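Alright, structures below, take your time with them.
Next, two complexes with chain A in common: one pairs it with chain B, the other with chain C.
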Partner chain A sequence: MCPNGKHLLKVEGLVKKFGGFRALNGVNIDVREGQIVGLAGPNGSGKTTLINVISGVYRPDGGSVEFDGRSVYKLPSHKIVRMGINRTFQVPKPLAGLTVWENVKLGAVYGSREGNRRETVRQALEIVQLHNMKDSVSADLTFAQQKLLGLATALATKPKMLLVDEIAAGLSHQELLWIAEMLLRIQKTGVAMIVVEHHLGFIDTLTSDVVVMNAGANLFRGSIQEAAQNDEVVEVFLGR
Partner chain B sequence: MNLFAYTIIAGIMYGVFFGLVGLGLNIIFGVMRMINLAHGDVIMLGSFLAYWLYELLGFNPLLVVPVAVAVFFLVGFPLYYALVPRLLRSKDPEMLSFILFFGVSQVIEAVIIFAFGNNQRSIPFNVFGSAGFDIFGQRFPIAWLVTTLVALAAFGFIYWYLQHTRMGYATRAVMANRDEAMISGIDVNRISAVVFCMGLALASIAGIFSFFIIGASYPSMGPELTTVSFAIIVLGSLGNPLGTILGGLIYGVAIMFMQSYFSSWANILPYVLLIAVMLFKPEGLIGKAARSA
Partner chain C sequence: MLRRYFPSLGVILAIVAILLCLPHFYSNQSFLFNMMLYLALAEGLNIIYGFTGYLPFGYVGFFGAGAYGAAIAITLLHISPFFGVIIGGIAAVLIGIILIPLLRLSGAYFAIANLAASQALYFVVANPSLEKITQGPYGIDLSSVYNADASYYTMLGVLVFAMLLVAYMRNSNFGLSLLAIKEDQVTASLAGVNVVKARSIAWMLSAFVAGLSGAAFGWYTAVFYPSTVFSLDVSVFTIVFVLFGGIGTVAGPLVGTLILYSMYNFIGISTPQYFQLFYGLLIIVLVLFLPDGVASILQKGKVYVP
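Up next is the complex of A and B:
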């Protein structure tokens, strides 16, 4: 964690409505350079909606989103990606007809304006350890490998910030440990992250800074240990 | 035997043309996941453009092709940006697109009937010369050969665009998965706009040569052509532009057989094919694996 780094992402009062339903109701979150922030909360609390709004997949209805000193509010996804924010999807969405290499190359070609693209793709595949499967068609990968492919594509755009959406869901304990190590290695290269996760133990291996959301709003911010002592957090997780 | 050989050869030429008829609809569906119900009306507009340029200025239909491409790119961009981004942000874009493009289809038809009346119009078959050409002892009009070559050139162009250009690479990505393409840094709206215009231009090119296959052009021909196009792309594979050529060939040969041997039943063919494919192979003959590529 880099608690003394300057603010990279600053979200204030973010609102997203679907018809009459407020999926985000004034959410605030800030992330410093190189920091990992865990994002937890029960189903329907607005975690993935927040990721979708920050990454430009959904258009917000109010509030502000600043990244690296510039507003990214209502910008289209491709511009947000080129400014340095990228994300993974909860359900991986590889380009099924393309090979692993072609998938990642897409990120290097369109999402990043700098460096040797071939080298960028090679490095991204090496980080997620898919380099030996570079010629496989992405549709033939396992669910876990498809998640890693999504991460590699995001890394190929050379992000300063990654929004990682439930990468641990459906993975074995061994796979979780390995992915946690990998995310920490990515962090060491200076990439900040918001890691959305139900699995609080997984978040605990990554960071001591957790934001808990409930009903589209902030409920708590602190360490996992502090969260476990917080009555409101315990109530929304356990329904007591 | 002569009729059989004629039917097969003519069916293949018809099929290539009908592949072109469906190509624009399929490429738009592939990128936007929307069915352009005004597709047949754009084909009709292409035929009217060719007819009037021939009547007033003596333009050969081949010369109308670049004019139509330019016109439909000029019209397509503002039309796309006026309608589609707003549609994509709605709760149910697929359903709304049906209603919206149906409305566009009705408006085009009404305006053309108002402007020109609902008469049939045609360009003479001998516009490319009166000589025919022979294949396996069967004689065919030269206009069919020209139409087939233009349709093949259109397929060749789409293949080149998708496989060998940077924008085509991005287009394939958007076709495979819009969200993933977006977060790879691709401007999906720009790609969609270009492909939308390309779809309109391809439909208009089919319209220019429709006289030589369908016989005549008239303002209310649009909805029927949309149905035929839909049957063709469902037959090939929805969302896979190059699968359209297979759908077109099957449709072309089948319709030629119907016209040769059971002519009074020929008009129900697109509907029968649609129902059969939906019941027995809803993913199209090329199948799911190819659809996502």
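Up next is the complex of A and C:
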């Protein structure tokens, strides 16, 4: 935790309904500048939905989302992105017909509007180590590479806040360590994050500050050690 | 930066050179005019269909709006024909702006709604109670400003403009952003692309090209009726030419139009019934076996199509 940083993201009472079902039922979460917050919870607890609503992919049905002192509630994605929030997808969604370079270039051109674009693209690709594949068509990338491409495109928009959705799922232990190191390096450049991960072990390598959700609501916030000793948390994780 | 435009500009220069030289060897000016007209319409359709995936079956609506917009400007406001053509283009853009909400529809719904809109415009223009403005069903007579050569070169100018627009889209970040939207709206908007704005701009540019073309056609033809410039054949021909040639490039629609419109002219006019059958079959074959057109054969072989 970084207690003296100021609030970057403040989500209060966020509601998202699908028909009559409340996938988010009054969620609160706040993140300080440059801080990493882990977000855990069982499948279907609403983690991805939370990211979708914050990033403007879904329209919320109640609550508030403030970023950098301004409301981003119900703004379209491109505006949210230009204000400094970006995200990755649990199931990657690259622009499959475009090359790796073109994917990332779009982010640099439309999402950040500052600095040398070519340099921005190059740096983003180097961080995720896809630079040697820059001319490949994205459809030809592996699943894991497509996730990294999504991260590079997000980085090219120069975010102050990244929402990372299960980037480590299905990776080997070696790859997990590499990804964790990479996320920490990105954090050092001043990027705050919400890192969604099903497994607390991965979150533990990144931060000691974790939020646990269940059934569209907050269940717990504190350190991982406390989480592991919290009866409710243990129950939702083991009770499934 | 500019270097990547060279192949596209090469194609454009070749077409212009041919169209400037041909009249000296080939005396059928009306064929050449109609060829330019369809080349321009094909590129105009390419802007919206090739880069966003919206297939406007009512594309002729913009063509008719351009023809009538220009004719009204020339006859009622006594504007010179050349500026009348530009006003025709603007008239089509205004219709395009009114129709922007259609872009919320997808696939067949968009195509059909756009078709209905073009027919609605046709009935408005042809309505006898608007006779003072549009001459209703009795048609437009521009013979007082008729000028075959001036309208011919104006059409050439419209074609060059249309090709340059597509060259820009083929090589610019704006064009890339449209292709991105076409693939995945969510991913595009998370790259920071304003989806609604980019799409609307493409739509209006496409309308502008059709409007300019319709206006130049009206001037060249001098006498025309609502049924001439709102004929669905204009939409169908343009769509078939573009599908046949291939989308998203400068050259594809040009190649499709050059081949098919020549065939139509040399075989089709004498035996139109066979030709319609041929077109119908061609559409089916294209959709089934060559959805990306002739140009895609080259592209599959890793040949760059400008």
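Convention: the second predicted complex is superposed on the first by the 238 of 240 C-alpha atoms of A that agree within 3 Å, B and C clash if a C-alpha of one lies under 4 Å from a C-alpha of the other, contacts with A are read in each partner's own complex, and residues count from 1 in each chain.
As a convention for this text, contacts are C-beta pairs under 8 Å (C-beta built on N, C-alpha and C of every residue); 3 or more make two chains touch, one makes a residue touch a chain.
This structure is a prediction, so every number in the text was calculated from the model and none was measured.
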item	value
Room on chain A for both chain B and chain C (clash or fit)	clash
Which superposed partner A:Ala139 touches (first chain B, second chain C, both, neither)	first
Touched partner set for A:Lys93, first chain B, second chain C, both or neither	both
Touched partner set for A:Gly19, first chain B, second chain C, both or neither	first
Partner chain in contact with A:Leu177 - chain B first, chain C second, else both or neither	neither
Contacts of A:Pro76 with chain B and chain C, given as first, second, both or neither	both
Chain B versus chain C as contact partner of A:Ala228, first or second or both or neither	neither
Single chain C stretch clashing with chain B - from 44-52, 152-160 or 296-304	44-52
Common interface residues of chain A - those touching chain B in one complex and chain C in the other	55-57, 76-78, 81-82, 86-87, 93-98, 103, 106-107, 109-112, 153-154, 157
Residue ranges of chain B touching chain A (in the complex, touch as defined)	89, 91, 166, 169-170, 172-173, 176-177, 179-189, 289-290, 292-293
Chain A partner contacts - residues on chain C that touch it in the complex	173, 176-177, 179-180, 183-184, 186-196
Chain A residues touching chain C - in the complex, by the definition given at the top	55-57, 76-78, 81-82, 86-87, 93-98, 102-103, 105-107, 109-113, 153-154, 156-157
For the chain A and chain B complex, residues of the former touching the latter	18-19, 55-57, 59, 76-78, 81-82, 86-87, 89, 93-98, 103, 106-107, 109-112, 139, 150, 153-154, 157
